[in-house]
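Mind looking over this structure? Questions follow.
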Amino acid sequence: MSLESLSHAPRGHARTLIHLVLIAWAGFYLLPLVVMLLTSVKPLEEIRSGTLLSLPHALTFEPWIKAWSSACTGADCRGLERFFVNSFAMAIPAVLISTAIGAVNGYALTKWRFKGSDLLFGLLLLGCFIPFQVVLLPMAQTLGWLGLANTIPGLVLVHVIYGLAFTTLFFRNFYAGIPDELIRAAQLDGAGFFTIFVRILLPISAPIIVVCVIWQFTQVWNDFLFGVAYSGNETKPVTVGLNNLVNTSTGVKEYNVDMAAALIAALPTLVVYVLAGKYFVRGLTAGAVKG
Amino acid sequence: MATAIDAVRASARDTGFRDTLQRWLPKLVLAPTALCALVFIYGYIGWTALLSMTNSKMLPSYTFVGFDQYVRLFENERWLVAAKNLVLFGGLFIGVCLLVGVLLAVLLDQKIRSEGALRAIYLYPMALSFIVTGTAWKWILDPGLGLQKLGQELGWSSFRFDWITDPDRAVYTLVIAAVWQSSGFVMALFLAGLRGVDPSIVKAAQLDGASLPRIYWRIVLPCLRPVVFSAVMILSHIAIKSFDLVMALTGGGPGYSSDLPATFMYAHTFTRGQMGLGSASAMLMLGAVLAIIVPYLYSELRGKR
Amino acid sequence: MSALEIRKVNKRYGSVHVLKEIDLSIESGEFLILVGPSGCGKSTLMNAIAGLDEISDGSIHIGGRDVTHVGPKDRDIAMVFQSYALYPSMNVAENIAFGLEMRGVDKARRAQEVARVAKLLQIDHLLERKPAALSGGQRQRVAMGRALARQPQIYLFDEPLSNLDAKLRVEMRTEIKKLHQRLGTTIVYVTHDQIEAMTLANRIAVMKDGVLQQFATPQQIYDEPVNMFVAGFMGSPAMNFIRTRVVRAGSHYGVSVRNGAGRDVVLPLPERGNGLSAWVDREVVLGLRPEQITHVTPHRLERPLVTELPCTVEVAEPTGPDTLILIRMNDQEVAARIEPHAQAPVGSPMPLAFDMSKAVLFDPATQQRCH
Amino acid sequence: GEVEVLHWWTAGGEAKAAGTLRALVEQEGHTWKDFAVAGGGGEAALTVLKSRAVSGNPPAAAQIKGPALQEWGELGFLANIDVVADKAGWDKLLPKTVADIMKVDGHYVAAPVNVHRVNWLYANPEVLKQAGVELPQTWDAFFAAADKLKAAGVIPLAHGGQAWQDATVFEDIALGLGGVEFYRKALVEADEATLKGPTMVKVLTTFKRLKGYMDPNRANRLWNDATALVINGKAAMQFMGDWAKGEFSAAGKVAGKDYLCAPAPGTEQAFSYNIDSIAMFKLKGDNTAQLALARLIMEPTFQETFNLNKGSIPARGDVSMDKFDDCAKRSRADFDADAKAGTLVPSMAHGMAVKTDVQGAFFDVVTNFFNDDAMSAEQAAERLAKAVKAAK
Amino acid sequence: MSALEIRKVNKRYGSVHVLKEIDLSIESGEFLILVGPSGCGKSTLMNAIAGLDEISDGSIHIGGRDVTHVGPKDRDIAMVFQSYALYPSMNVAENIAFGLEMRGVDKARRAQEVARVAKLLQIDHLLERKPAALSGGQRQRVAMGRALARQPQIYLFDEPLSNLDAKLRVEMRTEIKKLHQRLGTTIVYVTHDQIEAMTLANRIAVMKDGVLQQFATPQQIYDEPVNMFVAGFMGSPAMNFIRTRVVRAGSHYGVSVRNGAGRDVVLPLPERGNGLSAWVDREVVLGLRPEQITHVTPHRLERPLVTELPCTVEVAEPTGPDTLILIRMNDQEVAARIEPHAQAPVGSPMPLAFDMSKAVLFDPATQQRCH
């Protein structure tokens, strides 16, 4: 919106105050990150003895290197590196497919209403309140039948299915705010279902696509339950690796490596946030329709 | 001649077909989703409902015991605690996240120069899995290590922040960490919504004499009703599924004072070999959520008309 | 074969009954103008014709084909929306070309058409702009251009010129008229501008509260309105309605009026073949347009049915070419239109010529025309 | 052949230990497919195992222990590996207690990898000395010592607030105060009367009393952080199984010198064990690799390396203990003695005594009692009996 | 003290220079009307006055106070937006009441005001509806209502009646006039309706391409336009521009025209005190409004400066009260306005009376008025 275009956005003291509030919140958000970062560059002894926020006496990047390339996650000591490929192979298609389907669904549900379309949407939404643990076993069985057990396509399928409710929700609610007249005009111009979608709606959907991709990518990338249950030996996503690294039950805990590993595992998501953030552009509907 | 007529007929049939196709397209497009929902959501819910009536232990079995599992559930102290906690946690979490999300989005919308950086900072917690952040939070909240100690070291000797060790307050620490993780995303949702609002109505409101906060509260936010709806859905989804969070932060403790239905259900279904009971708890959880969500959903979907 | 036939169409939004049993039919190449007060259902009817809103009842036929259930894109219609509905992500040129592109027109032809239309509408310097960077009238012209770029069976224009200045409006009106004459396309047009309605239409449909009041040629609507609503609606300033009484004057009939000075006079009524005997001495409403009451010039009084009456100017309002004055008759305010130079000062007496040749009478109970 | 092994030895010494097994298997020309799932003492791994089993695609071998072996066996998932066991004479190599756990219907279905002793008490000798106390042998001595330690300004007992840690301490007291018979009746057979009985009330009272000697920040502390307190001298003692030695050694501490280990008070004459084992699943195809795995697990090479890393003692009794530390040596001796005396007891806290559902009930009541100041020992005993009954 | 003073205001959108050195000042209680072709910057100027768009240059003063950097909410202005800008989430009543609520008016008073305004605008039956369920004209009236509910220092109306039918429009116009007279509020009003401009304004500002052309009373604008643009812009149908030449006829001046029949005549020019000698024999553009060329009636010819000329009707266009006919003079099309009954058939000759008393002359090079 909105205030960007206004001449009299807050000035002076109000502005300073706003900045202060925003920065204070940023501090709250950053606190755990600082702790993690500091911990990840301290030797283990220092962690055992020192305090949380103290700067490292002996700075070391050993934990990062170890987490990336040599930490053991089971009988395999190759670090997190090898899991990344799997995670990407799973996340990229899952995010693209579920976002695309969600967008089309949202479009069909708002601009081409039919009897029962609201009901369908309601049911879809309610469905996402089943605990994922419940679907674990039956889904395993289904994947077994489909021959997709322990494969990346299987994981993609699962993530797409359980991501649809929300991707649809995002787009539906975004498109609900776009005047129907636009669709009508395009219909008269002779555009069909998909043409209207691609030519008229998609170009103004950037903000919601960003939101949707952020959400889906985060969900898929950070998912552990499905990842561990449905991945095979060679298809494990990075969260499983991270978990194995961190959640050792009776071994020695290397906090610094854990933290480094967690930060490494989160890097792709962070990159997505920063890159996608650019497309948080202003809405474009302004001026298209009067009234 | 015959061929010409045939061609005409064929093309007529063709356009007829295309017409029908166009009319059916919206439904056709939604069909796969509907099918998935039917099988992978409602089918499985049915299956779970079925299991909740059996005495399934470690793996599913089909010896029916009626509503025994539900009876046992209501006699189970821990379940009652978990259920109570969900109400407390869910309510606070959703409320605070919405508030923080809206506030940050609105503030960030004031032509802030460093918007990009701040946005990324607010969002990043989503990127980190609780498997690890749980540890960091645990440290921060630990009275002997984190904030309390820091506060006391800085000279505020009476400073106390030991909720995580207090059975009555541990659940609030869950709220803090959960808000930390999710409010950034809610902010992003609202920001996207704000960017779609027609600036001219904001101008109109300015002339009507509304101050900036009032413009947001009375004019802009009501336009964002669909966004609030999305956010509530997302947040309730996160709330009832908060599993990693509890496991990593409090492990349900002290005692089981910060247990949530999701952890209860998981523990019984998978760890404790009481799949019947676990299924029953899942069904109850679903039922309770639906009791709250359905009316809201109904009013939102109706309201559009 | 009629180009467009609307049969007993009804439309309800929930409990709001917006279109009531609309029955209309126009021939191919006709120019139909829809007029009526704001909110009477004009846009709704347009939407129904275009197939954008499902109608509740009735049927719509285009070129003899029942299209009630045909999708908008297959009705071969181009429309200018009252609310413009420009595509926000496309610039002006793309907005105009979109319809052509959808119908498979090749790129060169599209560019050519866009150039032609843009020139016609005087928006050729704006082709690269997005709608958000246009003024109101410019947006309206883009909306217009989008329709004009195509050559459909029917054009629907919903108040397409309302945001243009008078000059441009006249030019655009002329362009539309030329377009209609050249292409012979059927056009349905909503306007609230009387000049537009009178000069463009082959036939005018006057609506009120979702009901079709009269459907006839412009001249008929103007001169022979079926009821007081139509009479009062068309014409600006509006027709004067004067409560009066029919009197017999020999073999003729007349109406008796009392002017501001308190003198009773009988104004003669034109002969129209429908005996007025049943109305004698009953109260009626006399309808007389302001331009039929004007300043006295000798030659004017020579025409039949023109009567001179002394009146008093109560209010005067110069509008440029003419001046409107208000006088009082039968204790009602009556407007008259005179040439500016002829105006007597406000408050002073002034004789006026009443031309009764086009006067009409209405039944005050039913508001239907009775003479 | 190929063998897929589901386990949760994922990091540090454990992972190294698993690595040796892998190396052994691979030396024989088989392929090892590593399927490690860490988390919550194997909870996550079990979940995955179930989903794999349900999808008809279980791994060849999985880390399953205690009564769970029976459950999986009864469901018909496990493979008979008597061929290997007979050939290597497992019956002779393994104490009967251990062997029985590995069998379903009299047939071997799993190979044991180690024996953990759970009822250990660790202490920091420096701290003890400063407060002038000895490592306590009885509970009375313990409280006396704890009082002195407290007075000296250290935390007498390091503890973490997880349910299984609470349960570990609880079972140490049950074993120490109630003795082996009581322990068996209460925590293995889950006898209702015993659970409600006066001994249990006493055990619970003692248990609660311990709370006064822990620091308030214990809630939800991980066990290794508690151990760190002992290592740093902030706390004096900790009740924990012998895997805790890993933390001590990682900090460069030597058993018997830098830290002391002794059976928990009153459990001198008893040994609560936690035995890890690898169960073999029925396979559709070639099982040579699987059998080789079973055999290799029981071979001394693996048993030695693995247990050196893990802090536990080998499952088979004939492995040389030379390389092991003092605590392990003591563990070995006690195990053998207790095996003879019949005073080996399965650890309830570590899933060796009862099925998971009953174990869960124990955990719930115990941890809640411990954290809830308002609950009396009698109430807790009552509840324990009720909960355990409901779970059965 | 002037109520509103605009000093050398400039506004640029990137490279588009929309307002160029606008200088205006009106007294308290004046009614200023802005007119100009679509896209000339009227809405932009309104936005600048309201403080909704930052101006690039210059300053704006309201009631003597420099408000250039004052926020819109503190300027005490109410505005009707060309694009309505209704609050979509509020119903009609709430839309109207919002401004009052923001200014702390209590609930009862608000309800009362809403009722009053709704009645005035004839939207009282729509109070519960959301804007999306309104017709175009209804939306526009709600937008109007939102402004009228308040009593600000200045009202800004941006084409507030463009989507209303003629009848309602007249009524609304009257209401606005009454409002203005009753409250004496300063009003700035954009319209492209000439009648509105002429009847409402105290002063009119004519703009073109962001430049102020003339700023004067309606009558001055109509009768004494400063240049061809203003002359052509005001008045509908537009003023005729006839290329001709100034001739001297004794002590008087005249212009020579050649009518359709090929006869040369000199039309006398009125005396205006500014010697035309410099223009003799030079080419000028004669400006003559259509209503100054009309059918011949005896008395009309008696007036000075009225000349009869034989012409030929080329096109006739009845508009209801009048008929427009096109004739040819100096090989240019010239429009004349006559009474319908006086019209000769198309193609046949018809004498017309040329009233030169209001004729004006322009310099063809600069397009500025020269007489």
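As written, the chains take the letters A, B, C, D and E, and residue 1 is the first residue of each chain.
The definition used in the following text is that contacts are C-beta pairs under 8 Å (C-beta built on N, C-alpha and C of every residue); 3 or more make two chains touch, one makes a residue touch a chain.
Computed from a predicted model, the values in this text were never measured in an experiment.
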Review point. How short can a chain-to-chain path be from chain D to chain E, counted in steps between touching chains?
Key: 2
Exercise for review: Name, by label, each chain that touches both members of the pair chain B and chain C.
Suggested key: A, E
Point to revise | Per Cα centroids, the chain farthest from chain C | key: D
Check your understanding: More contacting C-beta pairs: B-E or A-D?
Key -> A-D
Exercise for review: Return the distance between the CA-based centres of chain A and chain B, expressed in whole Å.
Suggested key: 14
Exercise for review: Could you put a whole-Å number on the gap between the CA centroids of chain A and chain C?
Suggested key: 58
Exercise for review: Averaged over CA atoms, how far is the centre of chain B from the centre of chain D? Could you give it in whole Å?
Suggested key: 38
Review point. Can you list the residues of chain B that touch 2 or more other chains?
Key: 22, 60, 145, 198, 200, 203, 206, 223, 266, 270
Point to revise | Residues of chain E whose C-beta touches two or more other chains | key: 51-52, 71-72, 82-83, 86, 134, 136
Check your understanding: What are the residue numbers in chain D that touch two or more other chains?
Key -> 40, 47, 50, 54
Study note, to complete from the structure: chain E partner, complex, touching residues on chain C are 13, 16, 35-44, 82-83, 133-138, 140-141, 158-159, 162-170, 192-195, 198-199, 219, 222, 232-238, 289-291, 297-300, 303, 317-322, 337, 339, 341
Review point. How about chain D: which of its residues touch chain B in the complex?
Key: 40, 43, 46-47, 50, 53-54, 68, 71-72, 75, 161-163, 215-221, 355-357, 359-360, 364, 367-372, 383, 387, 390-391
Point to revise | Contact footprint of chain D on chain A as seen in their complex | key: 44-45, 48-49, 71-77, 136-137, 140-141, 143-144, 149-150, 225, 228-230, 233, 240, 243-254
Exercise for review: Spell out the residues on chain D that touch chain A in their complex, using ranges where they run on.
Suggested key: 4-5, 7-16, 18-19, 21-22, 32-42, 44, 47-48, 50-52, 54-57, 222, 224, 228, 231-232, 241, 243, 246-247, 250-251, 310-311
Review point. Residues of chain E touching chain B in their complex?
Key: 47, 50-52, 71-73, 77-79, 81, 83, 85-90, 98-99, 102-103, 146, 150
